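Some structures are shown below for you to check.
Consider the two complexes below, in which chain A is the common component and chain B and chain C are the respective partners.
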Partner chain A sequence: MSNRVFHAVAGTISVLWLLPIVAVLITAVRSFDDIAANGLASLPRSFTLAGFADAWTNGGAGAMWNSVLVTVPTVFLSLALSSAAAYALSRFEIPGRRSVILLMLAGNLLPPQILLVPVSKLTELLGIYDTLIALIVVQVGFGLGFYTFVLQGFMRAMPNEVQEAATIDGAGPVQIFWRIVLPMTRPALAALAALAFTWIFNDLLWAITVLRSSSVMPVTPALLALQGQYVSNWNVIAAGSVIAAIPTVVVFLRFQRHFISGLAVGAVK
Partner chain B sequence: MDRRHFLRVTAAAGAGLLVSGTASCATSASSGPVTQTAGTVSIQSNLSAPAAKAAIEALVKAFNDRKGSQASVNTVASETFRTQLPSYLTSANPPDLYTWYPGALLTGYEQKGLLLDVSDVWQTMGDYPQAFKTLSGKVFVPTTYYWWGFFYRKSNFARWGVTPPKTWTEFVELCKTLQGKGVIPLGMGAGSDSPWTASSWFDYFNIRVNGAPFHRELLAGKQRFDDPKVKAIFTPWREVLPFTDPNGTAIGFQEATTALLQGRTGMLLTGAFFADAAPKDALDDIDFFRFPIIDPKVPLAEEGPTDGFFASSKSPHVKELKEFLTFAATAEGQEIYIRNSSGTILPTHPNAKDSGTPLVQKGRQHLKEAAEITQFFNRDSSDALQPTADAR
Partner chain C sequence: MRRRIPPVLLLFVLVPLLVEGFWVFWPALQGFWLALTNWDGVSPPRFVGADNYARMLGDPVFHTAVTNTAIWLVLFGGLSAVGGLGLAVLLQKERRGVGVYRAALFVPVVFSLVATSLIWQVLYQPGGIFDSSPLADPDTALYAVLVPALWRQVGYVMVLYLAGLKGIDPGLYEAATLDGATAWQKFTHVTWPQLRSVNSVVLSVIVIDSLRSFDVVWSMTRGGPYHSSELLSTYMYSTAFQSLKLGYASALAVVIFVLAFGVIVTYLVRAFREN
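Then we have the complex of A and B:
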C-alpha cells in the first residue's frame, strides 16, 4: 500500500518536473502562425521542424562552435591548474595553506555581479575585450577557487602510504603528481569536468560582459538574441534551446557514473 | 617534503600553466578576436527580431553595394544591448553606430560627450519636418517611426455588430456592449516581460486630458506627479478599468495579442509592431482606431515613437559613418529597409514610400492628423524616471 502511495507521489512529481521540458519540445515543433493564433498554452495544431533550421542558420551554428571553443579549453585549463594547486595544498606542508584555501572559498562567495564592471574594464585594458580569450581567462579565474577546494579535499583523503611508497621508489613530486595522484583523482576530475562543462556552457553573464560582437558570442547570448524587441518567435527560441541543451546532456550522460561517485567521495573525505 | 621539492613542484606547475596557456591562445586565435577592419563602419544593432534584423542587413548590403565606404552590422539581443550600451559607449574602441531612439537617455549621453555631432548629415535632410529635427537634436538621425492605437479584428467587430468609437462616451458604450456579449473589452498584456504596455495608457490619458506639452514636461521632471492635473486623468481611467482584462497584469504582450486575435478580448491599445505578432493570414483582418478624444479643446496628440541611429564620439570613421547615416536618411535607403522588414513601419523621409498596405496608409494619415507627437513613456522620461520607465 505505502509502496503504491510512494509511486503515485513520485510519479506525479516526475511528471510535474518534466512538464516544462515537454512544453519546450512541443513548442519547438510548432509553427509561428499556430502559436500566434492559438497561444503558447494551446494544444499544437501544426508540426514543423523549421524552427530548428531557423535557429541553426540564424547564428546557431556559429554560436555552438564558439561555445565549444570556450568551454573545452576552459574546462581543461581550470582542471589542470586547480589539480596542481590542490596537489600542493593537500600533500605539502605549505605555510598558510589553510588561509589560501579559505581565500579561494571566500572568492566563491563573492557575487559575480559586483565584479562585472571591473572585469569588463580589465579585459579592455589587457586588450582582449571582445575576444574568446577574455571569456576563457575570466571563466578559468572564477572557477579555479571552487575546483581547487573540491580537489584538495579529495586529495587529502588519499593515504599517505601511497605517496611514501612512491618516494621510496625514487619518484619526485612531479612524478608522484602525474603517475599516482592524478590517476587516483580521476573520479573527482570527471565529476568536476561534467559540472564545469555545464556551468561554462550555460553561462550568459560573463559572455555578455566581455563580448559584444555577435560573431564571437557563445550559444546562450545567441539564444537571447533570438528574442525580438517586442515580438519573439517562441518556436525558434524553443528549438534553439533544445539544440543548446544537447551538448550538456551528452556530457552528463557520459560522466553520470563518475558524477555521483566522484562528488560523494569528495564530500566525505 | 623539503623545500627543494616544493620549489620544483611550483616550477613544474608554472611550466604547465605556460604550456596550457599558449595552447588555449592558439585555439581561440583561430576564431579571431574581432577588431575593426580599417574603414569599415561597425553598426551595433538591437534589432534582433528576425524581420527587423533582415531589414537592417538589407540596408547595409545596399550601402556596401554602392562601392563607397563599407559597413558591417552586429546584432545583439535588445535586452543585452540596453544593459550594455553604457559599456559599449565608454569602451576604448566602441562600435561606430548604434540603433536607438531619441529621448532623455540619449540627451544624457550627449551631455557626457559620448555622442558624435552629426549636424552635417542633417544638412542633407532638408525635406525633413521640423518635428524630427527638434526631436533628434544634433546627435540623432531618425529613419523610421510607427504609431499607436486600439487594434482590433474587423471580422470580430462585424460579428459583434459594433463600430469603432470616436468620442469617449462612444468608447465607454462600446466597452459596455462588448462586456454584455461576454467579451473582455480591453486587452492589456502588462504581465511577464512587458509591463510597458500599461505605460501607454498613462501616456494617452495624459495627452488627451492635459495635452502633450504638459505630458512632456511631466516626464522630463518639470512638473509634479502629484499635481491635481495628473490626478484628474485617473477619473476617466477608473471608468474603463472594469472593462480591462482581469488577467491584464498576468499575461504578457504576445499572449494578449493571441487573446485579441481569438476574440477573447475586443481591442488592445498597442503599437504597430502588433502586426509582427499576428499570423500572416490574420493581417488583412486587422485594423485600428484612434484613442478616443476626451477633451476636444486639447490639441490632438499621438504617440509616434521614432527609431534611427546615433554615433559614438570616439569613432575613428567619422567620414564613413556620416556617409552611412546620409544613405540611411535618404528615401532610397528607407524604402530598402521597409521593403525587407515586416512593413508596418513608416519612413521618416517625407517622400519615401511605405509598404502601401491599407493599414500602414491609415497609420501614416493617423499621425499626420495629430498636432503633437509624443515618443513613449520611457523615451520621454528623464534620467531620474528611467528605472521606472524601463521596468520590464
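Then we have the complex of A and C:
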C-alpha cells in the first residue's frame, strides 16, 4: 500500500473514530440556551464552562472523591495480595500449585451475574451494604484470580540464580520477595495497575449491586444519576461524561506503553 | 525451586485464596442453590426445584433476551473481531504517523461504557444525526446500543491482534515475497495460520465480553423500549433488583453461566497447557 493511500484510509478512519468525542466536547462547552434555540447539530454559537460547573457541583465532586476512595485501595490491595500469591505459586513447589492457579483464574472468568444476588445479600449480612468498603472487598475478591495468573507467569520467567544467590546469603523467602522479586516484577505491576485502575474506575455493575445511596456512588454510576437529573440538559450531560473520562484518559496517556502491554499480556499469554 | 516450603508462603497463598473463596466461590455456589428457590429477599428462600427453569420456557421476555443475546454475540463479537483484525493489519507496519492512528482508535477503550453511552446518547438526540432517537424505536434500539459498544470494543481487539502480528517471524513474509505471493496470499497463507492462538484468545474474550455486556444497554435503554433491547444480563439484573424475584434471577444467571461455560473451560485448558 502506498504511503498516500495508507494515510488517506487510516486518517479517515481515525477522524471518524474521534468525531463522537469532538462532538461531545463541543456540546459540553455550549450554553443550554444555545442548544435549545439552535439544536444539537448546529454550529456552536456560545462558549461557556457552565455545564462543567453544574456537573461538578451537583454530585460530580463528591462522586470523584468516592471513586478515589474506592479505586486506590482496591488497586493496592489487589496487587499486594495477588503478587504474594503469585510469588509463592511461581517460585516454590507448593503442592497443587497448578490447580490453585487455575481455580483462582476460573473465579475471575465467571460471569458476575451468578454472584450479584448472593454478594449483595452477603454485604447486607456483614452490615457493609451501601458502604465503599463493600465495593472495595468485592472488587478485590473478583479481580485477584486474573492478577495472580498474570503475575505468576511473569515471575516464573525470572532466572533462578538470583534467588539461589540470595538464599545462600541467608535471605529468607519474605526478604527475597520484598527485595528481589517484587522490584523485578515492576513492569508487570505497572501494567496491571494501569489496567486495574481503569476497570475499577469504570465499573458500574458492582457499584449498583452493593451501593444504594447517591452520597456513596463513585463517578461511573453517578453519571447515570446525572443523566436522570438533567434530562435534555445536553451540555451538562456532555460535560459530565468528559469529567468522568478524564482520569482514565490521563492514566492511559501517562502509562500508554504499560497499558497496552498489560492488555496484550492478559490475553495473549 | 526449593523442596521444603516455608510456612509463611502458605499464608501468601491462603490469604488471597480465602478472600476469593469468600467473595467469589462461596457466593457462586449460593447462586446455583438460589436458582432452585423462590425468594423475595426478605422471607426465607423456598425450594421449588427446577420450576424457575420451567418458567423460562413460557416467558416471552426471556425469549427476547436470549434472541438478543445471540444477535449481540454474533454482531458485537463478529464485527469487533473482523474490524479489530482489519485495523491491526492496516496499522501493523511501523511507519510515520501510525502511533497516532492506533491511539485514535484506542482512546474509546479507556472510557467507561456509561460515559460512552452518554456520548452516543447526545449524538442520537432528535436534531442531531437523526430526526428521532433510534433508542426510542423498538425496531432499532438494540442496534443503536450496539454501535457505541462496537466503537469501544474494536480498538481493544485491534490491540490484541497487533500483539499477535508482532509475534510473527518476518522471515515468513520475506520467503513469501520471494515466492511471488500477493498481499492476499500472504494474509491467507502466512498471517492467518500464524494467528491461530490469538484467534482462540480473541474468541474467548469476545464470548465472555458479549455475555457480560450490561453497562452499555443499562445506561442507554434499561433493556427497553418494551424489552426490545433486553439482554440476558440486563434482564437478570432487573429481575433481581427491581422485581425482587431473586430465585428466578439466579436461574437466569445460571443460564448465562452455562452459555459461558464452554469458553471458560477452553480458556482454562489453554492456560493449563502453558503453565
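Everything that follows uses one rule, which is that the second predicted complex is superposed on the first by the 245 of 269 C-alpha atoms of A that agree within 3 Å, B and C clash if a C-alpha of one lies under 4 Å from a C-alpha of the other, contacts with A are read in each partner's own complex, and residues count from 1 in each chain.
Simple rule for what comes next: contacts are C-beta pairs under 8 Å (C-beta built on N, C-alpha and C of every residue); 3 or more make two chains touch, one makes a residue touch a chain.
Please read all numbers here as calculations on a predicted model, not as lab measurements.
Asks: Give one word, clash or fit, describing how chain B and chain C relate on chain A after superposing.
Replies: They clash.
Asks: If you stack the two complexes on chain A, which partner ends up touching A:L69: first (chain B), second (chain C), both, or neither?
Replies: First partner only.
Asks: Is A:V5 touching the first partner chain B, the second partner chain C, both, or neither of them?
Replies: A:V5 sits against neither chain B nor chain C.
Asks: Could you tell me if A:S213 is touching chain B, chain C, both of them or neither one (first, second, both, neither)?
Replies: first
Asks: Could you say whether A:I168 touches chain B, chain C, both of them, or neither, answering first, second, both or neither?
Replies: Once the two structures are laid over each other on A, A:I168 reaches no partner at all.
Asks: Which holds for A:L43: it touches chain B only (first), chain C only (second), both, or neither?
Replies: After superposition on chain A, A:L43 lies in contact with neither partner.
Asks: Once the shared chain is lined up, is A:G240 touching chain B (first), chain C (second), both, or neither of them?
Replies: Touch partner of A:G240: chain C, not chain B.
Asks: Identify the partner contact of A:L109: answer first if only chain B is touched, second if only chain C is, both if each is, neither if none is.
Replies: second
Asks: Compare chain B and chain C by how many residues of chain A each one touches, and report the one with more.
Replies: C
Asks: Scan A:F149 for contacts with chain B and chain C and give back first, second, both or neither.
Replies: It touches chain C, and chain B stays clear.
Asks: Would you mind checking which of 95-103, 185-193, 203-211 or 275-283 on chain B runs into chain C after superposing?
Replies: So the stretch of chain B colliding with chain C after superposition is 185-193.
Asks: Residue overlap on chain A between the chain B contact set and the chain C contact set?
Replies: In chain A, positions 39-40, 81, 84-85, 87-88, 91-94, 117, 120, 172-174, 177, 208, 221, 224, 227, 232, 234 sit in both the chain B and chain C interfaces.
Asks: Please name which positions on chain A make contact with chain B in the complex.
Replies: 32-40, 54, 58, 65-66, 69-70, 72-74, 76-77, 80-81, 84-85, 87-88, 91-94, 117, 120, 124, 128-133, 136, 172-174, 177, 208, 212-217, 221, 224-234, 236
Asks: Spell out the residues on chain A that touch chain C in their complex, using ranges where they run on.
Replies: 3, 6-7, 9-11, 13-15, 17-18, 20-21, 23-24, 27, 39-41, 81-82, 84-85, 87-89, 91-94, 98, 100-122, 137-138, 140-142, 144-145, 148-149, 153, 160, 167, 172-174, 177, 198, 201-205, 208-209, 219-221, 223-224, 227, 232, 234, 237-238, 240-241, 244-245, 248-249, 251-252, 256, 259-260, 263-264, 267-269
Asks: Flag every residue of chain C that touches chain A in the complex, lowest number first.
Replies: Interface residues on the chain C side: 1-3, 5-6, 8-10, 12-13, 15-17, 19-20, 22-28, 30-32, 34, 41, 87, 90-91, 95, 97-98, 100-101, 103-108, 110-115, 118-123, 125, 127-129, 151, 155-156, 159-160, 162-164, 167, 197-198, 201-202, 205, 208, 211-212, 214-215, 218-219, 232-233, 236-237, 240-241, 246, 249-250, 252-254, 256-257, 260, 264, 267-268, 271-272, 274-275.
Asks: Touching residues of chain B toward chain A in the complex: what are they?
Replies: On the chain B side, the touching residues are 1, 5-6, 8-10, 12-13, 16-17, 20-21, 23-25, 27-34, 44, 46-50, 52, 74-80, 83-84, 87-88, 91-93, 95, 253-255, 257-259, 261-262, 271, 273, 276-282.
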